[in-house]
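First the structure, in the form of structure tokens, and then the observations on it.
Chain IDs A, B, C and D follow the sequence of writing; residue 1 opens each chain.
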Amino acid sequence: MEFFFDLLSVLVLLSSFVLVSNKKITAYIKTFQIQSALIALIAGIMGWSIAVNEDKYDILIICVIIIALKVIFIPHLLYKTYGNIEYRVEKDFFMNIPIIVLICCGLVVFSYFSVSNIGSLTGFHINHQVVNSLSVVLIGFFFMISRKKAIGQIIGYLVIENGIFVTAMFSTNGMPFIVDIGIFIDMITAVMIMGIMVTRINKKFESINIDKLSKLKG
Amino acid sequence: MDWLTPSSLLYWSIIIYLTAAIVAIFFYRHPHLCTLFAQSGCIFASALGAASALKMILFDQETLIITPFESTVPFISISMTLDALSAFFILILSILVCCVSLYSIGYLKHYYNKRNVSAFHALYIGFILSMIFVFTAGNAVFFFIAWEIMTVISYFLVVFESEDVNEKAGLIYIVMTHIGAAFLMIAFMIMFVYTKSFDIFGSSEAIPATAKSLMFVFFLIGFGVKAGVVPVHVWLPYAHPAAPSNVSALMSGIMIKTAIYGLIRFILCYLNVHNTWWGILILCIGIVSAILGVAYALMEHNIKRLLAFHSVENIGIILIGLGISFVAFSQGNGILGGLAISASLLHTFNHTLFKGGLFLGAGSIQYATHTKDIEKLGGLIKKMPVTAVMVLCFSLAISAIVPFNGFVSEWLTYQSLFSIIIPGQTGINIISILAAAALAMSGALAAACFVKLFGISFLGKARSECALNAAEVPASMNTGMGILALFCLVIGLFPVFFLKVVDKVVFSISGTTVIGELQGGFLIAWYPINVSGNAITPSAIFIASAVIILATAALIRLVGGKVSERKYGTWDCGFRELTPRMQYTATGFSKPLRIVLRILYKPGRMLETEKGDSSYFPLSKKYRVWTEPVFEKYVYDPFLTAVKRFSLRIKLSVQTGSTHAYLVYIFAAVLVLMLYNRLA
Amino acid sequence: MVNVEYLIVQIIVVIMAAPLVNGIIKKTKALSQKRKGAPVLQLYYDLFKLFKKSTVVSDTTSWIFKAAPYIVFTASLVASLLVPVTTMIDSVWYAGDLILMVYLFALGRFFMMLAGLDAASTFGGMGSSREAMISSLIEPSILVTLMTVGLTAKSTSSYQIMEFMKGVDAPLIRPVYLLTFIALLIITIAETARIPVDDPSTHLELTMVHEAMLLEYSGRSLALMELGASIKQLTFITLLANIFIPHDQFIFISGAGAVLISILIYLIKVIFVSILIAVAEVSTVKLRLFSIPNLAALAFILSFIGFMQHFVLGR
Amino acid sequence: MGLVLWIAPIIAVMLSRVVNNIKSLHIISICTSFIMLLAAGITTKSVMLYETLTYKIFGDAFFIDAVSIIVLDIVIIIGFLVSIYSVGYLNEKLRHNLIKYKKIKFYYSMMYIFMFSMVLALTVNNIGIMWVAIEATTLATAFLVGFNNDENALEAAWKYVIICSVGIAMALVGIIFLHLASINVVSNENALQWNLLYDNAKDLNGSVLRLSFIFILIGFGTKAGLAPMHTWLPDAHSQAPSPISALLSGALLNSAMYATIRILAIVNKNLNDSAFTGRLMIAFGILSIAAAAVFIMTQKDYKRLLAYSSIEHMGIITLAFGIFTPLSIFAGFLHMINHSFTKTMLFLASGNILQKYNTRRISKVRGLLKMLPISGAAFLIGLLAISGTPPFSIFVSEINMFLSIFSAKYYVLGGVFILLLAFIFVGIVITLFKVFFGEPAIDSNIRRGETNKPGAAVLIVLLIIISVTGLYMPKLLKNLITSAQMIIIGG
């Protein structure tokens, strides 16, 4: 089982690498969809085993929610938002893709380094899966920084959420149920609000390039 | 006779002040009544205050503690403590307030229906009360609160008179004094850390020597800004002229003395002077302030700015006295320390009297002519004879000229300088002799400056319509000034009585009395002030002069007989008529000194010629002379510009408006903190 | 307490001797220029004449203008009372010391400058303005000089200093006294409106300082002003003569005769110093107004070095 | 009774969706906030009596102790005052045809969602739900920040949502690690219950806890506006309608700070030492103060200036909890209270100024005291108070702060701190005092005098509060703060 989770966590990490090396917005959304599916898979397996062993169905329910929200609803919403806005070819990233990927590699190394002392000091073990998921959080964050367009930022935020979710899964078998539900409600609201705002931004600024939003300074 | 104790007198005085303020607010629709009630309340209250202070100094040497109420807020307690030093400053305050309030009754007339007079009264009384609290604060936090309230209220008073012009004045004032207050706060904190108490009257033994020196420096900065010593004097020539004249009189007369009080209270009484360099530092600051203050005053043609610079000078003189006393105390020479601090306290008192009076005089001039510019005045002595006499008295007093009070305190300062020079000590000797030179030079420059002030504005012919149409000011204004002038003369002639008062204060501070050195009693008014054999008897000099004047007049009459006196125009070199424009101007008067001391002013001049048909017949010529505010231009402005530029640069490079940059900050913070956690 | 004899003697000697100094200086100058010159007593005649003449007063002036001559004269005279011409009479009368003397002169100067401004004439203002500058620059030197001398005698009272100096052997060969003497000589020249600071014999507006302030005066007012100025001059000369060249220690008798002898010797010393001043005047030219600071600085430096020699270096 | 605090705002939201009458909307709002005020009062009293207040419903979710009641009272009192102010504010906007009544419905429903989520964050025991509630405040206020619907407002709202969401996501990472640290200590059903975590703090895993604290500090620090995560704050606070700015600055920042403090207590109890957390919090605190000092010096927009001042004061509070001595914690709580009231007053006054002059630029506002006698005076006094001038309340807490810093032997820090505060005062005076002088620009459309009457009343109330608390502290308050301090420090 552990081996399987290891594989999945690496796959999630890989999917985020794929994400950062993408250039098109539709590709971002697709990659996010795949990553969410992977996460749903993790939740499904974990939920199944817990359901079998302890007769608790929390995580299974959450798995269903993930599939509904992250694999189906949110990508759909993002596609729709993207469809609403005028298409314009613009360079969406600040740095070259290879450099971004390299930095992301560095981030993985960094997250390994930064939590590596935890085990040695106290005998408390944080496994590789947690570190991988923490790297996903950092990469998601970095993705937000590297992309100019609003939808890219939303995707980045969602990837951070994914990373956090996987971290929670791997480290503590998920948060308490009610908290998880709350987090999902928040997330879906956030994405909807951001979606509405992207539409408005597009209307006001005639672009979804966040760089244009720099009037308020000083 | 319970209510005659100093504490209850002070209590009543405060209550009357408060009542006056409330009444003033109540009558805000009737400026006349409002002024009358508020100011007569102030006069009455100040009389009580003075009585309380005098009683305290002369009869009760015990320290009194008055606590109106205990605050529930931690570390804040309102406790007033009255000892001889506080009482002395309250005495000065009360005398000045009494005269200024009398003056204000007439002076405020020109604000009626233009400004909110009742608000002015409330602020004015609040200002007085805050100063009383500063002088009586028993713990450092209360002191600080009173100090800050005083600053803020005086800020409002500074900006009361007019609008945009004063923006800068008020700003510089409140900014500088607040930064000074921050240093005070640091010093108080150091005090609390070591002694676990804010009690000003407590012991400072628990504080280590280094911390004491640090506290000294902070106190010096904090109080120095308020006192207006060079180089932190720049607010003073802006703030004092901007305020209404009665307020400037209070500000210059007593508010800047709160700093002197603070220096004595905290450094001498609380910290006890341990290091000689403290005194030497103060002495140096005093020398620089005395010289530069008067030097800049010379170049001013705005009466009130001129007077403000003189405040810098006089604070310098007070600090010279204080510096000597610190040096003497640190050497264990109590008698000399006592003498020097008497000189310094007496000068504080004197400066309050004559500078208060001069600002009132400036107010009278402004009241009568609506201008503060000396160049527009002239010949006022004929329009305002009473005011002229008063201003002349104050001018003589501030120039330390003989029968007036300024001389007595400067003489004592000279004597303490004289006594501190002992063969063999290098630094102190050199600085002391330089201080004597500085004192002499500042006296002469002050005389030059006041010849200019009095000569240009009161003598000669009127230089403008304003001066031509001037009329004598109301009697209440002149009475207020008259009392001050009388005090100046009386202290100048019979200094011994006042020195006894000062001596009681000095005794309570340092435990040493110089009364053995300063002989004499009140009844024998012509008893000399005698410092180890060097003596002056101003009253004897005065009597001798009077006798000589009378005798000369009689003798001349005897020798020369009765001769006729003819009125004729001033000699005009044969031209037909002398116009007022041909007189020497204030600018012209100060020109030689402007050139001699050009390093201080960086003067510039420009001749603009409007060409006519031929170069020999220009249509008009304009000659402009200016001096530069050196400290502002070369120290403060560059500093301020640098700070602003720094702020702008940081602002625009940090808060760029780019969402990505903002995200980068958070990201960087995450990474740095993770690294910190890993390495910690 | 007040020694009346002293005051009377002092007043008489000062008033009588003061105009003499001017006469001697003028005569010396004339002789050095191979002229005959005015009689030594010319100023006495002038003053006597002036007292009897009627006065012209400018109609722009105020009471200051009329009061000034009396104040100037009185201030000078009272100041001169603080500098005894002889130490043979006990002149400790506690009225004041040298610092007071300086400030009494300041009183006179203050009113003289005011009077210059009172008539609304350009000359008066010019004189006052220049006087203000010169006095401000010279004042520190006076104080430092007097304090240095006073410090060696541990007193600021001129009588005490003179008493002390009697016990000093040949003061003028000691660095501190030599330097302060020269400084005081320069100060005397500057304070009494002499060449190279001012030219008392000119009425050219470019050069005059003291005379410019007196330009509006006539008759007895002018006389008082002139007499006041010469008393001031004599006071400074007395300081020079009696402090640095003490003579009373050589008089071994006492009583009225001793006083008389002492005063005679004093007068001889005054004449000597006057001639010294005259020589200085003849051998220099009047300085530009803005070179005067250099002279003042010289005086200050001399007295300061004197101070350093004694109190810091301990010589 | 405490549950009223949860139910009342929800009812208000629902009602305001239904009601279509402006007057009734105002009445609903005021009534709701008044009911909440009463409920808060009663709750406070019971906390005073029983120290903690929990209900069995929702699985021990409802939990109030002295720490939460302090912040809760701040939130609710300010909410009440803001609801009164809003009446005048919105009516004024309607009068000028700037908004339609639909917007008012939207305003009130959003405001009460916002209130609800703040109250929720302050009254739950579960740290996870606390996080959810705090994230909800961001979402609830996102559209309020963009209320004006112009380019600037939209920009501010976007930045606000993105940065706060990302920041707070970091806090969630931290909470996961907190959960991880407690995995063997607290049973899964009770996971993340604060009181259990706190009671068993000694048994938690220290190194994981430290990692968790880092993320939490950054996360909630973003929400509390600590530099360098403060960047959204000046935009959001300046673009939001003034009553909302007041709530954001006076209430929301404290809620975020509250969450940090809760976790700080656990971490410090576990580590048995405040050095680790202290260093971080002192660094963030002093950095925030310094940043505010620099930014205020050349500020041209008065609402932004007030926002930077909020950053400064959050820095001060962080510093207080970083020092972590009884005195400093006392000062921290006191400062929280004082800052909230003063800043609320300033923002409300600035709302009146903005409505009168219709500009945020300092250079366009002149003659304020003539134009708006009450708001102008409140603004002036508020500025003096916020910069620590006695005898107002902020001075009291600042002096306690100074003392605690110096007593903890951070001498240089204390000196720098005092000087930075002085610089901020200078900055405020230099940039902002101009508005009180000169003649107001002659514009016939602008009438002199107060237009927002309820607002003026609120300002006077606040003025009285901040002046009185400068010299007088109710015993109740002192006891509350002391017991809060005991809870945090674990005495």
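Everything that follows uses one rule, which is that contacts are C-beta pairs under 8 Å (C-beta built on N, C-alpha and C of every residue); 3 or more make two chains touch, one makes a residue touch a chain.
Here the structure is a predicted model, which means the values were calculated and not measured.
Engineer: Name the chain whose C-alpha centroid is most distant from the C-alpha centroid of chain B.
Structural biologist: A
Engineer: With centres defined as the mean C-alpha position, give me the chain B-chain C separation in Å.
Structural biologist: Computed value for the inter-centroid distance: 35 Å.
Engineer: Averaged over CA atoms, how far is the centre of chain A from the centre of chain C? Could you give it in whole Å?
Structural biologist: Measuring from centre to centre gives 99 Å for this pair.
Engineer: So how far apart, in whole Å, are chain B and chain D when each is placed at the average of its C-alpha atoms?
Structural biologist: The answer is 45 Å.
Engineer: Taking the mean of the CA coordinates per chain, how far is chain C from chain D in Å?
Structural biologist: Chain centroid spacing, chain C to chain D, equals 78 Å.
Engineer: Enumerate the residues of chain B that touch no fewer than two other chains.
Structural biologist: 648, 651, 655, 659, 663, 666, 670, 674, 677
Engineer: For chain A, jot down the residues that touch at least 2 other chains.
Structural biologist: 114-115, 117, 141, 144, 153, 210, 213-216, 218
Engineer: Residues of chain C that touch two or more other chains: which are they?
Structural biologist: none
Engineer: What chain pairs are in touch here?
Structural biologist: Applying the touch criterion to every chain pair yields A-B, A-D, B-C, B-D.
Engineer: Which part of chain C faces chain B closely enough to touch in the complex?
Structural biologist: Touching chain B: residues 2, 7, 48, 51-64, 70-71, 73-75, 77-78, 81, 93-97, 99-100, 102-104, 106-107, 109-110, 113-114, 116-126, 128-130, 132-133, 135-144, 147-148, 150-151, 154-157, 160, 215-216, 219-220, 223-224, 289-290, 293, 300, 304, 307-308, 310-312, 314 of chain C.
Engineer: Which stretch or stretches of chain B touch chain C in the complex?
Structural biologist: Against chain C, chain B makes touches at 378-379, 381-382, 388, 392, 396, 399-402, 407, 411, 414-415, 417-418, 421-424, 426, 429-430, 433, 436-441, 443-445, 447-448, 450-452, 454-456, 458-461, 528, 530, 533-537, 540-541, 544-545, 548-549, 552-553, 556, 559-561, 563-572, 578, 580, 582-584, 588-593, 595-596.
Engineer: Where on chain A does chain D make contact in their complex?
Structural biologist: Touch residues, chain A against chain D: 114-115, 117-118, 121-122, 124, 126, 134, 137, 141, 144, 150, 153, 157, 160-161, 164, 167-168, 171-172, 175-176, 178-179, 182-183, 185-186, 189-190, 193-194, 197, 200-201, 204-205, 210, 213-216, 218.
Engineer: Quick one: which bits of chain D touch chain B in the complex? Just the residue numbers, please.
Structural biologist: 158-159, 162-163, 166-167, 170, 210-211, 214-215, 217-218, 222, 228-229, 231-232, 234, 276, 280, 291, 294-295, 297-298, 330, 384, 389-391, 395-396, 399-400, 402-403, 405-407, 409, 411, 414-415, 418-419, 421-423, 425-426, 429-430, 433-434, 437-439, 469-475, 478
Engineer: Of all residues in chain B, which touch chain A in the complex?
Structural biologist: 648, 651-652, 655-660, 663-664, 666-667, 670-671, 674-675, 677-678
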